[in-house]
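Below you'll find the structure I mean.
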Amino acid sequence: MKFIRDSVHGNLKLEEFEVRLTDTPEIQRLRRIKQLGFTYLVYPGANHSRFEHSIGTMYLASRLAKNLQLDEDTETLIRSCAIIHDAGHGPFSHVSERVLDSSHEELTSKLIKESQLGDILSEKFSLKKILRIISGKGSLGQIISGELDVDRMDYLLRDSYYTGVAYGVIDVERLIYNMQIDDGLVLRSKGVQAAESMLLARYFMYPSVYQHHTTRIVNSMFRRCLRKLLEKEIVNAHEIYRYDDTDIIAAARSQSGYIEDIMSRLDTRQLYKRVYSLKLDDITHPEAVFQMDSAKTKKVEKEIANDLGVDIDCVLVDVPEYPSFHEMSTPVSLNGKTVKLGDVSNLVRALKDARFNHADLCIYLPEEHADQAASLNFQDYLDIHK
Amino acid sequence: MKFIRDSVHGNLKLEEFEVRLTDTPEIQRLRRIKQLGFTYLVYPGANHSRFEHSIGTMYLASRLAKNLQLDEDTETLIRSCAIIHDAGHGPFSHVSERVLDSSHEELTSKLIKESQLGDILSEKFSLKKILRIISGKGSLGQIISGELDVDRMDYLLRDSYYTGVAYGVIDVERLIYNMQIDDGLVLRSKGVQAAESMLLARYFMYPSVYQHHTTRIVNSMFRRCLRKLLEKEIVNAHEIYRYDDTDIIAAARSQSGYIEDIMSRLDTRQLYKRVYSLKLDDITHPEAVFQMDSAKTKKVEKEIANDLGVDIDCVLVDVPEYPSFHEMSTPVSLNGKTVKLGDVSNLVRALKDARFNHADLCIYLPEEHADQAASLNFQDYLDIHK
Amino acid sequence: MKFIRDSVHGNLKLEEFEVRLTDTPEIQRLRRIKQLGFTYLVYPGANHSRFEHSIGTMYLASRLAKNLQLDEDTETLIRSCAIIHDAGHGPFSHVSERVLDSSHEELTSKLIKESQLGDILSEKFSLKKILRIISGKGSLGQIISGELDVDRMDYLLRDSYYTGVAYGVIDVERLIYNMQIDDGLVLRSKGVQAAESMLLARYFMYPSVYQHHTTRIVNSMFRRCLRKLLEKEIVNAHEIYRYDDTDIIAAARSQSGYIEDIMSRLDTRQLYKRVYSLKLDDITHPEAVFQMDSAKTKKVEKEIANDLGVDIDCVLVDVPEYPSFHEMSTPVSLNGKTVKLGDVSNLVRALKDARFNHADLCIYLPEEHADQAASLNFQDYLDIHK
Amino acid sequence: MKFIRDSVHGNLKLEEFEVRLTDTPEIQRLRRIKQLGFTYLVYPGANHSRFEHSIGTMYLASRLAKNLQLDEDTETLIRSCAIIHDAGHGPFSHVSERVLDSSHEELTSKLIKESQLGDILSEKFSLKKILRIISGKGSLGQIISGELDVDRMDYLLRDSYYTGVAYGVIDVERLIYNMQIDDGLVLRSKGVQAAESMLLARYFMYPSVYQHHTTRIVNSMFRRCLRKLLEKEIVNAHEIYRYDDTDIIAAARSQSGYIEDIMSRLDTRQLYKRVYSLKLDDITHPEAVFQMDSAKTKKVEKEIANDLGVDIDCVLVDVPEYPSFHEMSTPVSLNGKTVKLGDVSNLVRALKDARFNHADLCIYLPEEHADQAASLNFQDYLDIHK
């Protein structure tokens, strides 16, 4: 048994089995993966790691398990899943994910099978069961990876704590207290407000933190840099979960040319400038933006680069992430029936309507070329109608 | 003008001159230097950087300057000094300092002279004046680097916030409000309690955080590793302020043998074990411990290594830092006279008496050799009498 | 000059003029008026007073004034208005307001004119100007009493702090930073999200705190009790701003019969029970509920009392407050034009749609009669169609 | 089962038995007793009640009980004792205690025996056992009322939260975690620092809050007023635990002359002025001060009043409370032996030496007579030698 002091939740107790899990190199690596990637260039306090988030998620999982009156073994199962749920994350967390072909859930699954982590886990549980849970299947899966899961509760609280942005403060107690297992994990109607509040917290965190316009520039720069490292096979995409943030930075610094240039700009915070922004609210068919695949994006970048007489890698077209919104169908138990959250909450419906509010497609250029771009009509290149 | 959101103090305003200072590569580098070195292996939230601490110190410097009714130029001077006061820190902050021949103040001075930072600063101020201040000379120097300086106020609050250890919570408002400039910076008698409280906060943070027994093991391991990197001239001691944490880790990983082994142990948290502890409270002349120079330490390590039949680098003798206690003579203004803090505060005197309470000399070995060590009488090697 | 330590905002500085204002009996009385009335029977920490709220509002007023770059005199004017803005509140704050014929703004105006407060204020300012401001007129009025005023910012933060309900945590810095004075007080478009967040905070605080179902029962009980005290002329409605919470409780305890019974129930927390709830979301014309005047309400109470064979005062029909929603038209400055908040925010529109979500008309009875009521069809009495 | 939201500890769970205890009029009365009496005249946020403190103490008692691995019945016993431990407090808590002949522990004991509280408690436990515990006897008694008890932990945290004074922040987790039951409740040596920190917290809270010079004036005024109410038999000392703060204020307001004058001064914050202060650090035999009984005090007051030509009740001689310091002998388990805290902690010894640092005997007069007093040599009246 061991205590870890967490800045968000206080003293967290780990049982011996959990200590063994966290002591593996796979989980220790998470200490060296920043939870929010390069967000520390915008919010200087955002240096927190996937490790603390994993332990914090374990803690909340426990509280939910106790509230659901799960037996001790199931609680340990859920706690173990929380500890390992992010083990497959590449360096700088989600930033690297978009460059890869596999999701972090798939990578976690691969990693578990081939590492010591899998050995320890299989002493107590079937790996198949564990993989089902961390990919969100079944009631137990909903605890770890669902619409109102403990993962999200922890990251909202934690990102709020470290960035200093108050929006992420949520009422975890009320949320946890109002969940029950029927067919699956269900929210009691008394918890609807706490759920609304959590979805709003996330909604507000997007433009302020997760999709802050400077963060998006930084992430675009880094992704291009990482893609080059993968193309040149300096970094191995299939084993991305073996690298930490330091590995990638050191690899980039050791290169010359474009890769080294980007890393040096990130180090000295000499960031690309946004020369164009197309708000999705302003166009008739926002879906068209999301349908831009990497070939199309590349084509646009190439044309702009040609017309400006700059290298293609100097042009970064940043297509926003599709704001999915599964929460509409979160099951709510109301007067003995199970309804959907979207049906009982005006606010959740409004959030769905508002989900493109802060989304825009952006184009970035190095500062030294930004002025040149003033004459361009970017919309022509994109071929998207307002 | 620009705002930076700090998790500890809220929105901090930077004037244009200050933005230019913080935008230099020298200050941006501080984003990649952990404030507490490897402490994140003990407190997983302790990932905060020298950068946020520097900005936070600037904020408190401003508040103190306003309270002292300094004119605007002097306030800007003090704010600028706060921003740069740690620019000379090597990677992992104080951990590397003990391995080097120069203090971080000397290195900061050297760095300023030879970098863009110096150019910007000399537009407004004489570098000589600035260097005097950051080395603690004069009334203004006492604001930045004295017994009750804003540097210390910020790091206590900040380290407390990120480790989750409550001890560092101090009453900054009362402290700042009760300072005045007479001959030098002086504490009004109404602030004695707030000063006591701050000194106690620091006293409590030592064994809990700064000198936590695991932190000390980690730091000893890293220092030995860094010393090897310096000896092999892989890292240049004279320009240590050009490296960030990533550089050193990457350098160590790229080596083989001892250096790589230590770094791998730090990465996987397979730490050396403490096989011996000599408490300074238990010996008659604790000074003898602090008189052990590196030659003596090396000799002891060699003898133990010989007797155990292990490599000398496997034995780490960790002499504690000398707990200096200048606060006794902090000037306090009492009924029109200036007296010493130690004369008006029983508690401060008690803290001085208690300063060896948590100090001990330790010896560490790799876990695989720890058992062998059980038969040794370590005190014989040390030649220190109880 | 004087400092007051506020638990929410820290050390607050008062200039000499402000000290004189707060030292009047009229402002000191606010120390003895609970900000949230009887809410402490639901949230035991909710014992905070109108006094601390007034000082806290002064502090936020100052910050907004500084941000708007108002001159020093105007800042003092605004701070003074903040200090006195609630001086007309009757005991238990808003709870008593509904029983009276005058709003607390009208009462404040009357009080100022006839008290020492008015004398002090008129040394510096015209009373007319002050009364205009505290009734929300003009740009300065919007600071104190508008849709996004400092009064509301303070009470959300403060009520959140003392009840322990996290919903009220708002981003005051961002809100204040994004306001400007054009024709009137205007929100910059960058502040829309902070405004949304504040309106949501208020929205969430309603069912959790301000209209918590137990709070509503308690308030209904107290209002009936206060009405009796006014009818019997034990308490003088025209000078309600001369009484504090203690006066009313003591007056009620000194009575016999119904008044004393209610006060004794409040003291021992033996509350009436809710025997009926008509959700406004469930009826076609919710306005019909708000059109119930006191004559209609009394008639319903009488009929129910008759049919149950109990005293009419045992039946409490609690018509919810009309959820007004002026925020729709808060001016927002967007690309040089002034638009309405409701036009640029999906969320604010959704909040308007959702404003009846938590509203219901309730009927309460003493516990000992609650069972009897099971047989009644309350909707028949109300004569409101679903 | 029921949840109560506490602003300090979060959601607190009460079992059915505990709900029945808190629902008694005796415990509900504590909602109307301010924890810190009139301290709200100095710290406007200090309006918190004995009720929340009692529930908070229950929560900490539970955590300590769980850590000590007490069985479920014993935990319920300890929780019940925590709920009721302050039930005998008179209005305004400790302020009234000094005027009475009985301590609040004695009054609680009397109250329990004659009230519904005793009936409920005796369903499960022997009243004798309960009274032993709340008077601090035995290991269980040490949990509720010892040197490092949960009562003190809660009030330090809570008073800190509501006054906004940071000193009371303590490391409850470490303290609770390092306690064990041997012969009695014992602190493990690893917890010495947390204990030091708690004792220091209390030490710092004394001059800042509990014995703040203005608070002492207010308390002296109120005590004199209360004494008059008792002498005139308007308030019954033997049943002081039946009154709440409102009762006493209302009683005083209903009087004329001195009593009404004092209450009116408290209401309008027109406080007596301190005209003399004798610091205990400045006199050779500080014990002489504590030996002043009420007869001696009265004599001094009379003589001063005579010489000033004012009513005797206008002169308030305020003898400080004797700063007892039992913590020196708190048992600490060190290397298998039980030693005393004073023997292992320099700081605790220093605190003992410093315990008179902030103590002084004061004399107060109404503002209108304060000037007259300038000519008097107060030390002559006191007959205490420096």
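Here are a few things to note about the model shown:
Which chain is which? They are A, B, C and D, in the order written, and residues in each are numbered from 1.
The rule is short, and it goes like this: a contact is a pair of C-beta atoms (placed from the backbone, for glycine too) under 8 Å apart; a residue touches a chain by one contact, two chains touch by 3 or more.
Because the structure is a prediction, the values reported are computed rather than measured.
Among the remaining chains, the Cα-based centre furthest from that of chain B is the centre of C. Copies chain A and chain B of the same chain sequence form an interface built mainly from equivalent positions, shared numbers / all numbers used being over half. Set side by side, the interfaces A-D and B-D show unequal numbers of C-beta pairs in contact, with more at B-D. Chain B and chain D have Cα centroids separated by 41 Å.
Our note on geometry: chain A versus chain D, Cα centroid distance of 51 Å, whole angstroms. Remark: chain A and chain B have CA centroids separated by 34 Å (rounded to whole angstrom). Looking at chain C, residues 10, 165 sit in touch with two or more other chains.
Chain C makes touch with chain A in their complex at residues 165-167, 169-171, 193, 196-197, 200, 204, 207-208, 345-347, 349-351, 353-354, 357.
Residues of chain B touching chain C in their complex: 3, 10-11, 173, 177. Listing the residues of chain B that touch chain A in their complex gives 4-8, 10, 23, 25, 28-29, 31-32, 34, 40-41, 43-45, 47-49, 51-52, 55, 161-165, 244-247, 249-250, 253, 267-269.
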